[in-house]
Amino acid sequence: MRNEKTTTIYLGPQHPGITGNMMVKLEIQGDTVVKAETHIGYLHRGFEKLMERRNWLQSFTIVCRICVPEPDPNEENYARGVEEIEGREVPEKARWIRMLVLELARIQAYLLWYGGQSGSAGLYTIGQWSVGDRNYVLDLFEELTGGRVYHMYIWPGGVRRDLPKGFKSRVAKVMDYIEKRLDDYDRVMFDNAVFQKRTQGIGYIPPEKAIEWGVVGPPLRAAGIASDVRKDDPYEFYDQVDFVVPDMYNTSDVWARALVRRFEIRQSINIVRQILDKMPDKGPVWNKIPNPHKWRIPRGEAYVKTESARGEFGYYVVSDGSEHPRRIHVRGPAYVHGITLLEKILVGQNIADVSVIMNSLGTCPPEMER
Amino acid sequence: MNTLVLLLILFFGGGLITYFAYKISKIIGDILIALIGLTGAYLFFQIDIHSLVSIKLAGLRLGLGFNGFSWIFGLLVAILSPLALIYSIPYMKGRERLEWFYMLFLFVIGAMFGILMARDWVSLFVFWEIMTWSSYLIVIYSRGKGLDKVGLKYIFFSAVGAYSLLTAIVLIGATIKSLYIGDLINFFGVLSLKNQLLIGILLIIGFGVKAAVMPLHVWAPDAYSSAPMSFTSLFSGAMSKMGIYGLILVVINMYLNHGISSVGHWLAWFGAITAVMGTFYAIIQDDAKKLLAWSSVAQLGYIVTGIGVGTKLAVFAAIFLALLHGAFKGTLFMAVGAVERQAGTTKFSELRALIRKMPYTFISTLIAVIALAGIPPIAGFIGKWMLYESLITDGHVWLVVLLFLASTAGFLYSYRILFGLFLGQEEDDYKDVKEAPVLMTIPMLLMALFLVVAGTLPGFVFKPIAQSMEALGFADITYQMSILTNSWGDMVDMTYVAMALGVTFVVFLIVITLVNRRGTRYVTTKDIHTAGEPPSEDDNYHFALDFFKPFERAIAPVFKYSMTRIYNVIGRGVEDFFQFVRRFYTGNAQTYALYVVIFFAILLLLAKQIF
Amino acid sequence: MADLTYENKVILEMREHFRDKIIETRVQRERRVVMRTSKDNIESVLLFLKEKMGFLHLSHIGCVDWMEENRFEIVYILWHPQEKINVLVKVDIDRLNPVAPNIDYIWPQANTYEREMREMFGIEFEGLVGPRELILEDWDDLPPMRRDFDTLHYVMENYSFRSGREDAQNVREVIANRTGEEIPEFAKKYSR
Amino acid sequence: MNYVLNDRESAKIVEFIKNFARKNSLWVLAYGTGCGAIEIPPTMTSRYDAERFSVRGAATPRQADVLLITGYLSVKTLKRVIRSYEQMQDPKYVIGFGSCTINGGMYWDSYNTIKQLDLYIPVDVYINGCMPRPEAVLAGFAKLQELIGRGQANGWRHYKENLEWYRQNQRKLIKNWKMPDYNW
Amino acid sequence: MTFWQTLGAVLLTILIAFISGLFYMGIRRKVIARIQNRYGPPLHQNFLDVMKLWSKESNIHHGIMQHLAPLWMIAMGVSTLLFIPIVYNSTFWANFTFKGDLILLLYLMVFGSLGFALGAGQTGNPNSAIGVTRGLSQMVGFEIPWVMALIAVMIQYKTTSLTDLVAWQQQHHTWIAFQQPFAFLAALLVIPAMFRYSPYDIVIAPSELASGPPSEFGGKYMGLMMSSGSIFMFAKLALIVDIFLGGATSWLWMIIKTLSLYMIPVLWSAINPRYRTEQAIWSLWRWPLIFAVLGLIIASV
């Protein structure tokens, strides 16, 4: 029976306001959302099933494709999961390089977020700038790994190859450039009264419920809770670098989330600089694995997690002692943010703000879809 | 026999005959009322303006007869009433107690003619009361839920009006010893200022109730929307004009012609605020009938403003708007009635996409709405143009701003009528709806045609208005067939407007229809961009509920502010009066009774002071 | 070795409170505690962990199909925001009669995980509200994440492949035709 | 000289002008169907700036000319893609983006993605790679423009003529065909 | 002036307005691209877009009102243009300027939007309807300060005729912008809203409504809309130039003035996000309204 009390609007899958390929079905009254329902499955390609058919090394090419905007935490998670079960040591330099890659990935993800957040509020200039500047980071990746988007660089036992010559100085240069550009973004985006009006006070997540509702990453920090996997469950050498987890932006709305990210991208640039300082110049970068076709991982399981640009990225890796993974289950931040949380906080919001809120939560369909 | 008397006999006698005719056979009754309506119009045009019937009754000199000024309103009634009657035949088909309804209907028409003919206060009052009571009985005719409250509200405010009229008449009789309207107008200057103000304001209250001026408008939206639509088209289209007629009588003939313009200016402010508030209320309605009712209140606000300002162009504009309002609001109420009859409801949230089912109703609604919104080249624009120009040239800046606010906000509800009833997502619920019967569409289309013609060649309408203006005491009324001018000498030539719009429209209509004609095809409204998602049966894709929510949110503070403004103007404690006026909406019978008692007490006090 | 006091404290307290209802406990590594319970006790264990022990955050619910042992293993991974500890609570479910208790009243986001497991493994959750379809649309085969669902077989049945590299067999010739390049005699043999 | 164009020549000229306009104004439907969507923002933004080649985004299918299938298509998305494609106005073009659209790419054995895009909708240009770089995307657009200029990008006509065959393929995958009928 | 001369002038005016309007849009795209660090499309890109839209081989409509919708727009655009004096003191380019005045133009300019809204309504797309409600609400927002600014000018110069206003400015060698600065400021502030550029682009709002009212328009309908949009844009600019910036003595001046005026909303829109509807209305009822009231007070004293 048709529901006459509300009007249905599909936000996505083919919609300029949606992040990626998913759908939020909005029931609206006037221009207020009374019910929101997230539908996913448009990007499902069953990689968890596919990994069961691949061997351990082949699976590594699939994991990076799980989250398109920021593939490296996946590779990191997979590599660390396998290493944890197998007990494989990673050379010191490889761990520094991993950190470098992860932080660069975070920077480029935040730059992409700049574009998404401002674009959803109708400020297209920032998107053009930041996505354009993001190419400089991707150039670094290309030089280091050979790929712009999918790097397939961090793998069990280390990383795939050493840094090219002069790479460090180029990284430092790009970092300087981006830091300079960030001030431009601030002037146009954060100092803009219209942008402030559009983002302040919307998409409120009650801080006392935030942990319980499964909020992680920047949205949780925007609620005033300093929670960061890099601090809470340190991996690689994150306990040896100096950075601050922000908890001073605690209004828990879209504006606070934007400020948190604005703060964190600068933190990441700092971390990159520290990594460049502390990284040893010489040393192996890969602890060689046996013949991949015969490479068996002992029976065991591991839950590993990495802080991605959108929050905690967890992998539950199970091995049954064979050449193939038994089960690799991915816990992406968007899996919680994009479905239950989004459905909850969209109620009562204006339809003009739906896309803004979605971007602020870092909803990313490919990782929800598996 | 004199045609004047014949006209009255036709309607009052006809009303009684109709009563019995319907008892005998519905068909005979139907034919009879159509005949009566048409004969009435025919008789009206046979009337000699200068003929007068004088009656001496119990020492009172009574007189019946049109003058040039009341004739123009008679014209409105004479043209609108047969159309409404003919429309009414199919519309009312199958209802109960038709004999009762039609008798009252004809009584109302007769009473309106009577009011316009009345040359003395007594007969005016008698006909006024006949009109009020008959229309009251029609309002509560449908016996629907909540109608008793509506009727109570209506009769209560009518009673207030009637009492003030009566008091004024008694005062007039006491002061100038003549109940002839002409005598009052002539000797008005002789009266003391106190009496001038008292009589005038009592009369303004009396007439203002029917014209639904701001604090007295409370009854109008409910009464308009509760009566059968065939009657409402007359109720709002013509009957409210009786109030306008009275206001013109008071403001122009009495005050302005004797050099008092301040009362008029106050009235103009009331009118402008009525226009704004009526518009805002209209925007938030969900029922087409309610929306139109509020829009009537707003439109009457414009007319009252024009009268209040009282310059030549302003009064001209007011009368022009009054005639047009009869035409387009009549059309709109008829169209909504047609929709109600065919689709069963007038709620925007339930109706949708009737355009393909009821094309003729849509066309007439479209034209009437364009006239209502005042968009050229349809006639409504001319009235608004003259009104604005008169206000601007006369320096009433803030009134123009208010009226512009009302008219711009008026686009919102104008669009809503068209969208809510005729456009949007088509659903199977309404697939069996058919176009209204011919007898219903023809009156609508005729009036729409009139609006189009009057838009390009308004001179046809200007001619009688100019005559009536001269009867009001304005000299040198000049007009041209299609050119409008203001007192600064700026002008608009409607033929050029119509030509520019029409020629471009037609040329590009040909172009867009012919270009790639084979590739142009119609698709259903299910084939829309739903973000790639195939539409499902269970979901509603028609956007109708809380249509102007963002605008409502935006004006919410203004709303509050202007309400308090009005009550400040009235000069009472804000809170008290707000509470007090709110009681009218509660519909509690005791409060009305209390109000009547208080009112009487005030009247008595006043009367004691005077006599 | 790091100090594992709180990890051990969790185990002790759980042992004390639930006694033999907790089947297996171990500290997997720093910040990881693993325990196993039975299907009937899982709700009370999780509630206790959340309300009493302060494991407020549900990180993850995973499921592993141990087809050979005829069981599904559901893993609830909780996080203690103050003590920074993950606890993995495992529960086994009969593979032939896969029914598990619904816990989305404890953590709302569990709803999504449960819907996913229902779809991917065919596990029924008692009293789970929500649309049936989460990811797949009009799926009528075996739940795809079960071990006995053969994705290659399914693909071969339902999709058609572009045949081999036949489209690229005359690559060299195509390029030669376009550019006007001469193909040396010896290369013609290998140009496919 | 008194040379009058005959019908065929004038039709040719009209066709040339039409194709010129079409190729120099490509509006791309904003539909990120697969992971390739991540390379669309760089393509459209400041470094690569597809707009200088007259390529810009369009919000709804009614206004769009080009449907960019960015990567693998799951069956659920295929249904929406078909609907979006059929809502686009002729002439319309499809660019298959990434190896997944060509032969399934690295998801060749996945139960939920299609392996060969041109079985379901006609493809005018394929861009290979996983993922194709923005330069490759621009090259793909250039190729499409070249084809349009020569009047050879006729996938939409092919689709109309062989609708039965395409429908058959589509319905094989999409079990619940619940879409409004389009009066072709 | 014979009939044919008038017709020729009318057609030429329309043509020039159409071409310059499209070029203005091209310039806008280019300027915004440069602000965004890009090269941007060629200046004539909009001509190609219009041509392409007209050459579409299939065009769908959801009913007669959608078929007619762009026609209302073009009828309004063309008629508005014809009632606006373009070249001062020229009998040839006079068009219909002596046949209408400002109040007519104010109402004429609504004709198209309302007609188009009807077409958008018939598509049955909820996004279109929401876009229309937003547009109408915003119209109430900007019409009030705009009309007040115009009334201030009208009562100060005791005329409602555009020709007289232009003549006054040309004879006194000054601009009303200097004589009535508050009204000009108010008008200037509402220009972005009139053009529906950021931050007032709430009607189209791609990321919220997927382009709103025009979302079901494609092919020739969209093409006609773009054409009428360019004409109407030029008309609006010419109107403001005539009222506040002294009109023009030749087409060249008109183009220079309109183009420089056009750059104001363009540059303003490049760096602004979108308002929400009620925020847009209230932003228009704040400073623009205050300036308009000041102007009105100055004019009426």
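Chains here go by letter, A, B, C, D and E, matching the order in which they are written, and residues are numbered from 1 within each.
One rule holds in what follows: contacts are C-beta pairs under 8 Å (C-beta built on N, C-alpha and C of every residue); 3 or more make two chains touch, one makes a residue touch a chain.
From a predicted model like this one, the values you see are computed outputs, not experimental measurements.
Novice: If you apply the touch rule, which chains end up adjacent to both chain D and chain E?
Specialist: A, B
Novice: Touching both chain C and chain E, which chains are there?
Specialist: Per touch definition, common to chain C and chain E: A, D.
Novice: So, comparing C-alpha centroids, which chain is the farthest one from chain B?
Specialist: Result for the farthest chain: C.
Novice: Which one chain sits nearest the middle, judging by mean Cα positions?
Specialist: Smallest centre-to-centre distance to the global C-alpha mean: chain E.
Novice: Name whichever of A-C and B-D has more C-beta pairs touching across its two chains.
Specialist: More C-beta contacts join the chains of A-C.
Novice: When the C-alpha atoms of chain B and chain C are each averaged to a single point, how far apart are the two points in Å?
Specialist: 70
Novice: Just how far, in Å, is the C-alpha centre of chain E from the one of chain A?
Specialist: 44
Novice: How many angstrom lie between the CA centroids of chain A and chain D, rounded to a whole number?
Specialist: 30
Novice: If you average the Cα atoms of chain C and of chain D to get two centres, how far apart are those centres in Å?
Specialist: 36
Novice: Two or more other chains touching the same residue: where does that happen in chain B?
Specialist: 519, 521, 523-524, 526-527, 529-533, 541-543, 547, 549-550
Novice: Among the residues of chain D, which are close enough to touch at least two other chains?
Specialist: Correct list: 30-31, 45-46, 59-62, 76, 79-80, 84, 90, 109-112.
Novice: Among the residues of chain C, which ones contact at least 2 other chains?
Specialist: 136-137, 144, 149, 151-152
Novice: Determine which chains touch and list them pairwise.
Specialist: All touching pairs, sorted by chain label, are A-B, A-C, A-D, A-E, B-D, B-E, C-D, D-E.
Novice: Could you list, by residue number, the parts of chain C that touch chain D in their complex?
Specialist: 136-138, 140-141, 144, 149, 151-152, 154-155, 158-162
Novice: Flag every residue of chain D that touches chain A in the complex, lowest number first.
Specialist: 29-35, 37-39, 41-42, 45-48, 57, 59, 61, 72, 74, 76-77, 80, 84, 106-107, 109-113, 130-131, 133
Novice: Hey, which residues of chain D end up touching chain B in the complex?
Specialist: 31, 60-62, 79-81, 83-84, 87, 90, 178-180, 182-183
Novice: Quick one: in the complex, what on chain A touches chain B?
Specialist: Touching chain B from chain A are residues 1-8, 10-15, 18, 23, 25, 28-32.
Novice: Residue numbers of chain A touching chain E in their complex, please.
Specialist: 7-9, 15-17, 28, 31, 118-125, 128-129, 132, 188, 192, 194-195, 197-198, 350-355
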